[in-house]
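Common to both upcoming complexes is subunit A, partnered first by subunit B, then by subunit C.
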Partner chain A sequence: MKQLTNKNNIGWLFVLISVVAITLFYFYPMFDAFLLSFQSGMGANLEYVGLNNWSRLLNDPTLRQALINTMTYLIIQVPLMIVLALFFSVILNDPDLKFRGFFRTAIFLPAVTSLVAYSVIFKYMFSIDGIVNQLLLNLNFISEPIAFISDPFWAKVVIILAITWRWTGYNMIFYLSALQNIDRSIYEAARIDGANSFQQFIQITIPMLKPIILFTTITSTIGTLQLFDEVVNITSGGPGIQTISISQYIYDLSFKYTPNFGYAATVSYVIVILVVILSIIQFKVAGEKE
Partner chain B sequence: MKKLKKTLIYLFLSIATIISIYPFFWMIVSMTNKSVDVTQGRQLPGTYLFENLRKLFDQVDMVTALTNSAIIAILSTVFTLFIASLAGYGFQMYRSKGKDIVFNILLLSMMIPFASIMIPLYRLFGRISQTAPIIGIDTLAAAFLPTITTAFFIFFFRQNTKMFPKDLIEAGRIDGLSEIGIFFRIFVPTMKTTYAAAAIIAFMNSWNNFLWPLVVLQSPSKQTIPLLISNLGSSYSPDYGMIMSAITIATLPTALVFFFMQKHFVAGMMGSVKG
Partner chain C sequence: MKKIFTLLLILMLGVLAACGGDDTSNDDTGGSDSDNGTDSGETSDGVQSVTAWAWDPNFNIRALELANQAYDGDSEMYVEIIENAQDDIIQRLNAGLSSGTTQGMPNIVLIEDYRAQSFLQSYPDAFYPLTDYINPDDFAQYKVEATSFDGDIYGLPFDTGVSGLYVRTDYLEEAGYTVEDLSDITWKEYIEIGKEVKAATGKDMITLDPNDFGMVRMMLQSAGEWYFEEDGNTPALADNPALEEIFVLYKEMMDADIVKLNSDWSQFVSAFNSGDVATVPTGNWITPSVKAEASQSGNWAVLPLPRLEVDGAVNTSNLGGSSWYVLNQDGKELAAEFLANTFGSNEQFYTDLVTEIGALGTYIPGTQGEAFEQEDPFFGGQAIIQDFATWSEQIPPVNYGMHTYAVDDILKVEMQNYLNGADVGDVLDNAQSQAETQLR
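On to the complex of A and B.
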């Protein structure tokens, strides 16, 4: 018994550094941000102002725009990407398909790029004299170049396309590995029962992949809510604030405009609250169908 | 009908492949062309590769950025592997009710968006600056310290520890090894592939990290590769050939790791979901 408690204590030593580091670099900052949300002032000269920051949230046009933008990215990009990734994974799971490995590698390849690097490439590809405009002009789809980056609508489209390009293959790999665990005889049986491939997809593949779809949806949602690198490097939030994300707004509030750490911390809690709410909703939606 | 379906599938996959690969192709081709040729849409390799590289290393402090990024990424990876694997092993091998609770609390940190802790972290390092400036704001140490362990990697190592044969530990104890000795002499050498997978992901995360270095590193001599590329990318009269060279060089390490260690790469990615 004594030896057992001893081992238990040694176990604590193994986990000690991690517990201290995560408390210091995650939990303490969360707590500090909460305290900050009740303070205001410039730089380090902060004083408590009660709920001022929180009431300011309600009447902040930039925040509203950032929320609308982030939700637009989320609602369009995440489903688009998940459906595409599912589609690719089902096609590429067919053992009779030729060049399977090649297609898989090619579609996954964007996932090795850094967010900053691919964002800059996309910005250039979609610039007014960029390759996309040249292609569309040559194909006679348009008669004059589109100002993708400086148009509020097209700028959002470019950001959504960029993120989809970067992450579809990444998510596909998760589905592919889950698909390999599905027993082929289930599909065999369905085929004998006369189910076509679409019915098989809806009635077998989707339910079997549900846990992994939920996982990728939640990670993608959290990722999109924190969107920063792409927006900053493709459009820098512009034109105006038409493409700004919540993370970029927090950064701007803290380091670009007159530093206002108190209000920035309050805005940051908006992301936390959204992450929690959306994760709960996604869990509930996925759980209900069970 | 069946044939038509097959054809459509191949057509679809080919288009997807072209879209996936084209930006890489364009990046590499543009690296060898003059800026003006790039804007005119040249799609063929040119002869300006060395000129572009020379400009990149002359006009921009590429060497410093590469060195900084490498130092930060290597230290971050070494620390993460060591600290997170200790914890993952500890949580699994010395399981107790208390540790399980602590483990679950640590997992919650995965839900914390970085944007919501970056200001407090910045303030924390501001305070550290006053007593220990060598690890405070605008130091490479500050850039990697918050990444020395993450719940993701602790979880990853714990999952992999589950597959580690307990007999080996008993054997170590009989041989008179201390508990920490067992970890270093038996666990670490047997789990090489797990470490390789974790190393790839940790290195990539750090090498590509943008927001925290942007916040904490201020002087040009501390710039990392993503910061440098972001700066180049936002210039008003971009030198495309030169910028594409920088981007290609920045992408090279992760691309090489991917091609040569594809199995470990995917294993690391999947580490978060299995088990």
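On to the complex of A and C.
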């Protein structure tokens, strides 16, 4: 009985439950998917093919395009969104601002809309006779409507705009809560030393927010790598495969084409590998000591 | 200590096992369709039932409801109809069949013809052959080809995707054409007329979605060709004169500026409902959508599809269409018997299909009768169902093969390259080599 009440052992018991659950529902499927990535075949006719799937990855033009697209979204969209979110949060943190609650809600609101619903609305806003084209035509910026959805360049722009609209408010909330934890006296001291607002922002706010910036960058990066709903609903990957994302390609391989679950599992491991690599880079760049 | 650990472990395993057990009984928590998870069932009064999945409440689900009424076989039975979106059906079938369980699977399922071979070959033994239940000669030949595998017929052919050219007679008149000028023409002539129509009326001739290759597939089948060789597996993209001609025509249409681009179904429908295009070449299933704009009544006619110039090309083709399949599990005999009794042999039932929902089947003995001669005032008194039925007999049969949609996506990319100035032979060679490496 004495042993039972041993704090350490009771602690392990509590941990055990989640360890077993995580092993069963996370690690086992991951391991199984890894085995699956060495098999190939149509539907239920899977057989081991060794490294064939992995070598097929190297000469797969669709995967290459999906990677290029995802990287394009990543490089343009994530910094854009982080900077915007920082900008909004600093403005909204100003105690002298009127209607702060209203603006906060307004900017956060997109984050609670359904992914599919907002994607469909964006698609219609940017269609040939959609509201955006009408507006540009009426303002005489363009002489004939732009085919946003069927043009490789503009389609990417629409996707980036859509994701930025949806997720900026979400990231802003993290910054807002972190800003509220920064001691006011630091700013006061800076002001006494003669620092202007911009210097305060660069020298105090950014360094104080660094862990949060790192966190939001990593979650946004992972989110972008898993991008699916927006692309499928706005452009369905088109024109051609000019906007396809890796997740959509996995879906296509499993459900749109004759199913090849083996190769689809291999492609999904590409995302895993990318997430690991990018996260390591971000930690290094941000200079975390641990 | 060890004992307690062991006890806890056993307890936890017990809980997990119970969760696993619960799964089966909770399977049918799909809201109203409470029988979602059952195979064939029997109600208390001895009437047996089988489940069926279909996707369109105005079309194939209505057809099943009619079939329930029409059924007059020996067994006391009915079909429980469950509506699922087509994409969901594909996903759930793939998930269920690949895991090897029949739990939660229906007895009867509707599958699009383009996907049929992929399912039949991906999951051997998952489907129940209907060879003993129906006579293949009763059905349009191209449907039998699409639903057969390895000498057996697995699908009961349902609707036809026989295509035609829907035209706005008022726009044609304005440009100085009669419907005869557009009957039995080639696509080349079609484009020339399109330019004139655009010049005279300012309306585009056609609406196209660059991301939907239905148009290309329809043109291809009219020449008796497909993306693959006869075996349905070897890509035939390079040195395919029909496909090359289609690419060239597609570009000519784009260059002639007679195309209104659309990017999804609703924009496609609104393009002709709003009167922005003069013609719509597509499958006969578009009729209800065309007629939805009642103010255009009397201004439409349906003509034979334009043809390609390659050898063997005809003025008719097919776009889409689906068939009923029976899953190889308990209740299969009952399900097959039901299909054979209704869709497989009942001529009166096919007449009802036409009159009640305008669905044109592919059961040849069921494509005659008064219902087909009905004149439609919307189309200026033309007996369009009769015309479609006649054209559907001439649709060239092709083997849709395993990878129609995968090749679609390869070709879409190459089409963009071609439109941007690449050589047509090069892009098709490219597509061929991509298809060869990807489709293994």
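Quick note on the criterion: the second predicted complex is superposed on the first by the 266 of 290 C-alpha atoms of A that agree within 3 Å, B and C clash if a C-alpha of one lies under 4 Å from a C-alpha of the other, contacts with A are read in each partner's own complex, and residues count from 1 in each chain.
What we mean here is this: a residue touches a chain if its C-beta (ideal position, glycine included) is under 8 Å from a C-beta of that chain, and two chains touch if they have at least 3 such contacts.
Nothing here was measured: the structure is a model prediction, and the numbers come from that model.
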Clash or fit: how do subunit B and subunit C relate after the overlay on subunit A?
clash
Report for A:Gly240: first if it touches subunit B alone, second if subunit C alone, otherwise both or neither.
second
Identify the partner contact of A:Leu13: answer first if only subunit B is touched, second if only subunit C is, both if each is, neither if none is.
both
Just subunit B (first), just subunit C (second), both, or neither: which does A:Pro61 touch?
second
Let me test your reading of the model: by the given contact rule, A:Val232 touches which partner, first (subunit B), second (subunit C), both or neither?
first
Between subunit B (first) and subunit C (second), which does A:Gln203 come into contact with in this model arrangement: first, second, both, or neither?
neither
Using the touch definition from the top, say if A:Gln180 reaches subunit B (first), subunit C (second), both or neither.
neither
Does the superposition put A:Ser254 against subunit B (first), subunit C (second), both, or neither?
both
Under the stated touch criterion, which partner chain does A:Ile149 make contact with: subunit B (first), subunit C (second), both, or neither?
second
Contact breadth on subunit A, by residue count: subunit C or subunit B
B
Which one hits subunit C, of these parts of subunit B: 4-12, 22-30, 130-138 or 256-264?
130-138
On subunit A, positions contacted by subunit B and by subunit C
13, 17, 24, 44, 123, 236, 254-255, 261
Show me the residue ranges of subunit C that touch subunit A in the complex, using the header's touch definition.
1, 4-5, 8, 12, 16, 87, 90-91, 94, 97-98, 100, 118-119, 121-124, 126, 210-211, 260-264, 267, 402-403, 405-406, 409, 412-413, 415-416, 434, 437-438, 440
Residue ranges of subunit A touching subunit C (in the complex, touch as defined)
3-4, 9, 13, 16-17, 20, 24, 40, 42-45, 56, 59-62, 65, 123, 127-128, 147, 149-150, 152, 235-242, 252, 254-259, 261
What residues of subunit A sit close enough to touch subunit B in their complex?
7-8, 10-15, 17-19, 21-22, 24-30, 32-33, 36, 44, 88, 91-92, 97, 102-103, 105-107, 109-110, 112-125, 129, 131, 134, 165, 169-170, 173-174, 177, 212, 215, 222, 225-226, 228-229, 232-233, 236, 246-247, 250-251, 254-255, 261, 264-265, 268-269, 271-272, 275-276, 279
Subunit B residues touching subunit A - in the complex, by the definition given at the top:
9, 12-13, 16-17, 19-21, 23-24, 26-27, 39, 41, 83-84, 86-87, 89-91, 93-96, 99, 102-103, 106, 109, 111-124, 126, 145-146, 148-151, 154, 179-180, 183, 204, 207-208, 210-211, 214-215, 225-226, 229-230, 232-234, 238, 240, 243, 247, 250-251, 254-255, 257-258, 262, 266, 269-270, 273
